[in-house]
Amino acid sequence: MSDSLYAQLVGLSGGVLLLSAVLIVWRRSISAEVRLLAVQGGALAGLVTVLGVNEGSTELLVVAGLVLTLKVVVLPGLLSRAVARHGASLHEETPLINTTTSLIALSLLTMLAFLVSRPLLVLGDDPAIAAVPIGIALVLYGFLVLATRRHAFSQLIGFLVLDNGIGTVAFLTAGGIPLVVELGASLDLLLVVLILQVLTARIRSEFGDADLDDLTELRD
Amino acid sequence: MNAEAAVLALAQVVAMVSLSPLLVGMMRQVRARLEGRAGAGALQPWRDLRKLLAKETLQAAGTSWVSVAGPTVLIVSSLLVCAMTPLLGTVTFTSVPDDLFVVVSVLLIGTVAVALVGLDAGTAFGGMGSSRHMTIAALVEPTVLVSVYALSIPVGSSVLSQIVAARLDDPASVASPVSLLALLALAVAVVAETGRLPVDNPNTHLELTMVHEAMVLESSGRDLAWLELGSWLRLGALLGLLSTLLMPWGIATELSAGGLLLASGALVAKIAITGALLAGVEVFLAKLRLFRIPELLAGSFVLAFLAVTASYLVVQA
Amino acid sequence: MSAVELGLEAQLVLAVVAAIVATWAPPRLRSTLAGVVSAAVGLTGAVTGVLVLAGSRGRIEVPTSLPLGDVGLDPSPLGGFFMVVAGAVGAVAAVYAIGYAEGPAASRAAWASLPVFLAAMQLVPAAADAVSFLLLWELMALASTSLVLTDHRDRAEVRQAALWYAALTQLSFVLLLLGFAVLVVDAGGVGFDLIGSIDPGSTSASVAFVLLVAGFATKAGIVPVHVWLPRAHPAAPSHVSAVMSAAMVKMGVYGALLVCLRLLPAGPAWWGLLLLAFGAVSAVYGILQASVTSDLKRLLAYSTTENVGLMFLALGTALLLRSVGVGGPADSAVAACLLLVASHAAFKCTLFLAAGSVLHGSGERDLDRMGGLGARMPVTALAFGVGALGAAALPVTAGFMAEWALLQSLIHGARPEDRLVAVAMPVAVAVVALTAGLALLTFVKAYGIAFLARPRSEGAAAAHEDGAWTMRPAMLVSAAAVLALGLVPGLAAEAVTRAGGVAGVGRVGGAGLELSGVGAQLDPIALSVMAALLAVPVLFVSRAAARRRPRRQVELAWGCGGVRVSPRMQYTATSYAEPLARVFDDALRPERDIEVTHTSESRYLVERVAFRQRLDDVVEERSYRPVVRLADRVGLAARRLQNGSIHRYLGYSFVALVAVLVLVAL
Amino acid sequence: MALSLVRLLRLIWTTGRVAEPAPPAPEPTPGCPRALAGSVQIRHVDAGSCNGCEIELGAAFGPVYDAERYGARLVASPRHADVVLVTGVVTRNMLEPLRRTVEATPQPRLVVAVGDCARNCGVFAGAYGVAGAVPDAVDVDLEVPGCPPEPQVIIEVLRKVTGR
């Protein structure tokens, strides 16, 4: 695997990751966002396989497989099943800040991500290190989505984007986090998704709609 | 050295026990004469003491051993003060110097004993006298310590005998501003401590104005004898100390029969003069209201403090 | 394994054993067993301290699983001196507690935390480096807080007191942490010997000095931060407040001595002045509050503030004189400080144990409701009397020797040429004199009102001393210590010289004390022999007079012939201190209101007059209440942040993340 | 007119001694205890007098008669006293306090009834508030006749006790 091909492949998967995150922020319908999330999972799995092939470590490949199954098949499946159960009322009304401002915010966050990762870039000129700002940007995007969406589901998607960002940074900088940690992180992720699902179901049954603004009364 | 000091101490105790009743008698006589009265004569206190010792002593129910032991503690502490302060000579024990804090503490034991006797009686007057007496004693103590501290700076040691000896050697220091201010402050403190006018009227009958008298209202017979003699001894010792500091001449620096006789003659003269002066001044004074006394004591403390700062300026000049 | 190391190990092992015994022993045996083992902990501590003072050294490392490394214990002679004080007080209090503890004070928690508290307190002076010092300090604080909380179920103010106590103890811990941190950064290591090498002139040394002294002052109860003391002592059981007041407060003084003598020895002059100023203010303010309060334990607590103020004053004098280059009086000032520590431990332990016995016997805490206890509780009266004599610094007691030494160093420290010292010394003499005077009034009031005259309440009338058999010997032992330190201070001179590392403190004639630095000496035994000789003729005459006219018992004291002579007509503690409260009213701010209810028929006849007086701690009113009010306001403002919207919360963390990243990027 | 210090001193100087020369000492009476010779502390109790005897008593201790020269002194507490000097008739309210005061005085003590009221209720005999004369309340040792008795008569009785 020649260096230039390796660099191109890393750039490609990084680019797809970033693009899918931007589209998630842009699109407002939840079912579209779930699909984009699956694309992002696939891009992450691709990135891990490229790294695994480049370093020739079978462990990375196993991890890539795990990421693929979890982030492309299991999670989007769970989400789409839940979305289907709720029927048509899932169109996201206007989030807290409208789309144009959030897109401008995205650009600022990307700039910030590049500024922050300047000290990392000096570590080495390996293309994987060069892609780290993408991972950080992904984390900031996820956080933005999490903080500005009204609907419990879209917050869930924001959280998953955040997790993908952390995974990307981990894979790019440390050549993949140890298997055990990866397993642990994934299990947690699974747990979070299940809990959030139960929560949203309960909110729906309580307030009739999973809109989080109704929760403001829950304080003393 | 200690043997000499022991003889001197004994001489001082014997002298003071015989002199202080005479001093009080003489002060009452001076006051009577100034008021135009004939007066009971200087020996009257001796007669009172003899009569009191022959009287029966009553002890009320509810009073504890303090009423019995208190008077004895007072008289012993007064005798100890007479033994230690430089009245006749400046020879002292090496290991028990008449240091300023030791003398004041022994005096304070007497004060505490009388206060406890007052409290033990369990009557309103005893408590009132004891509370006022202790408040005044507490406010007097800074004045006493700081004024003697001012006297000790030129001498470099706070032992009273050394201060007196130093003043003997260089009489100019007696008239220096330091000693005048310090002695004035000490005089006010002595008046307050021994309960003379203007702080407290010894022969008042109105219980509400009493300070010292209220505490001994309950004692009778020989308890009262010891309380009276104890307070007279304190008055004698403090007046003796004051007059020795003011006029140190005549005091014996080393022990000899002639020296001792001269010293006792000088002591009698000094105490007579100071006593008469005090009695004379008292005729013109009225008792201060109880809560004007802190102002008097604060004033005397400021005098003592000025004495200390003056002693710094004098040393430099 | 030298004897000292054996001693240190033994204290730890015994403390653990005591704790185990306290939890598993059956309730009937628990007090006795746990008490005996706790007393053993105390005794071992005292013995180890004596060994260290005698010169032998030893170091042990106690492995802790904490990442900070092991706890190193290597007591210096100064530490040894304080171990003796803490150990002795701990042992006496533990023996006392066997008989005294009942109800909540005899519960598992109380008996388990007592040995831990004693061990931690005794090992604080043994700590060899900053980390182990702080660890043991915190363990001591936690154990003492749990002990203060013993009676929290049946008395509401105990919880309040424990809250104040815990808050200020942790404040002390934080200050110490910061102070030691600054020092460790400067010295590059945690060991005390390493820290000792820092140049005290540098600003970081001054910052560390101020922080450390503030921390130790909080634990010692110096004025601005003393407010926990008068609250915690009445709340805790008596044997606990005895140990806290007599020994734990001394750890604050030990810390100050450690900083001034060992860590930053030759500091600038203003250090000494700072200590002297705070010491003087605490001494006067403490004793002023003590003289006007009528709760017995609160009175003793404020008297502790006074004594600790005197110790800081002595230490400040020593520093000030050393910085001016006057060696002799500076050494005797350090000796005076150590003597004050030992004497205060002795008489304060006696007073608190006696107060406990009064509470145990008569159930009364307030002096205004006591009276006549001398006849009903002779041993307690004797112990309290001796303790009161010591506290009032009257001759042949420990307090007298300590204050005599302090005054000698103040008086001989006068150096006219140095303007600062020239003013500081007379002010210090005046402060010590006023404090001694007010202490006199306070303890005459305490002893006179509580133990003499007639009982002012049924509880006082029915007071008894039987029952708890271990309380009386414990009180008598500590009372004997007060007299021993007073009569034979020469023996302590050797220990003081070695602990303070000062010259010029020796023995004269038998066991008198000699401060050759200032050329002053005093042999209390000779003084008492002179007094005894003078007493012989007086007693002889009294005996002769008594033979002729024996003493006659009469039914009523002379009350102007009045018939209704009820105990309520006697002076109470409040009325006893009323002239003083009036003289110092601008410092004490008493709130008095007199309520006169007239009879219905006419305005000139009075049916009932009610007099109420409230004396709050002015320092607390002026400084702590506003701080607490400010904290409340900030708290309310902060509540608006939490308005229930999840988006706002997520927004906060997002903004925080971005802010951090921006900061990192810059 | 405020006496300035100087004028006061001159006044003292000019008046000189006011006390009259002492009449000859009385022969010692058998009844008085020898212990009290030369020094008698007196506690005055007003058991219900019209204040006439008090004025005379005051005059007796004033500069002119000066009873102090014979060793007599007024004291505040019966505990300190040897003689309880009672003036006036014994009213009902003062009966119990008078008894307590005499009881509170240590032995050897004397009770001196001054004035006719004290001796036999005098002008107030039979009044509603009167409980009786002093001898009815406590046993009296010496009596001073007269309503009110002149100061020298009082002093003469007191000198019997002091023997001076």
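For reference, chains read A, B, C and D in written order, and residue numbers begin at 1 within each chain.
Here, a contact is a pair of C-beta atoms (placed from the backbone, for glycine too) under 8 Å apart; a residue touches a chain by one contact, two chains touch by 3 or more.
Computed from a predicted model, the values in this text were never measured in an experiment.
Listing every chain that touches chain A and chain C alike gives an empty result. In whole angstrom, the spacing between the mean C-alpha positions of chain A and chain B is 95. Note: centroid distance chain B to chain C, computed from Cα atoms, is 35 Å. Averaged C-alpha coordinates put the centre of chain B at 33 Å from the centre of chain D.
One finds 58 Å separating the Cα centroids of chain C and chain D.
In chain D, the residues that reach two or more other chains under the touch definition are 77, 79, 104, 106-107.
In chain B, 54-58, 207, 217-218, 221 are the positions where the chain touches two or more neighbouring chains simultaneously.
The set of chain A residues touching two or more other chains is empty. If touching chains are joined by edges, the resulting network of the protein chains shown has some other shape, matching none of path, cycle, star or complete graph.
Contacts between chains, counted with the stated touch criterion, involve the pairs A-C, B-C, B-D, C-D. Residues 32-41, 44, 47-48, 50-51, 54-58, 204-205, 207, 210, 213, 216-221, 224, 284 of chain B are the ones that touch chain D when the two sit in their complex. Residue ranges on chain C touching chain D, taken from their complex, read 549, 552, 554, 556, 558, 560-563.
Per the touch definition, chain C reaches chain A in the complex via residues 642-647, 650-651, 653-654, 657-658, 661-662, 664-665. Contacts from chain D toward chain C in the complex involve residues 77-79, 96-98, 100-101, 103-104, 106-107. By the touch criterion given at the top, residues 5, 8, 12, 15-19, 22, 35-39, 41, 63, 66, 68-71, 73-77, 79-80, 82, 104, 106-108 of chain D touch chain B in their complex.
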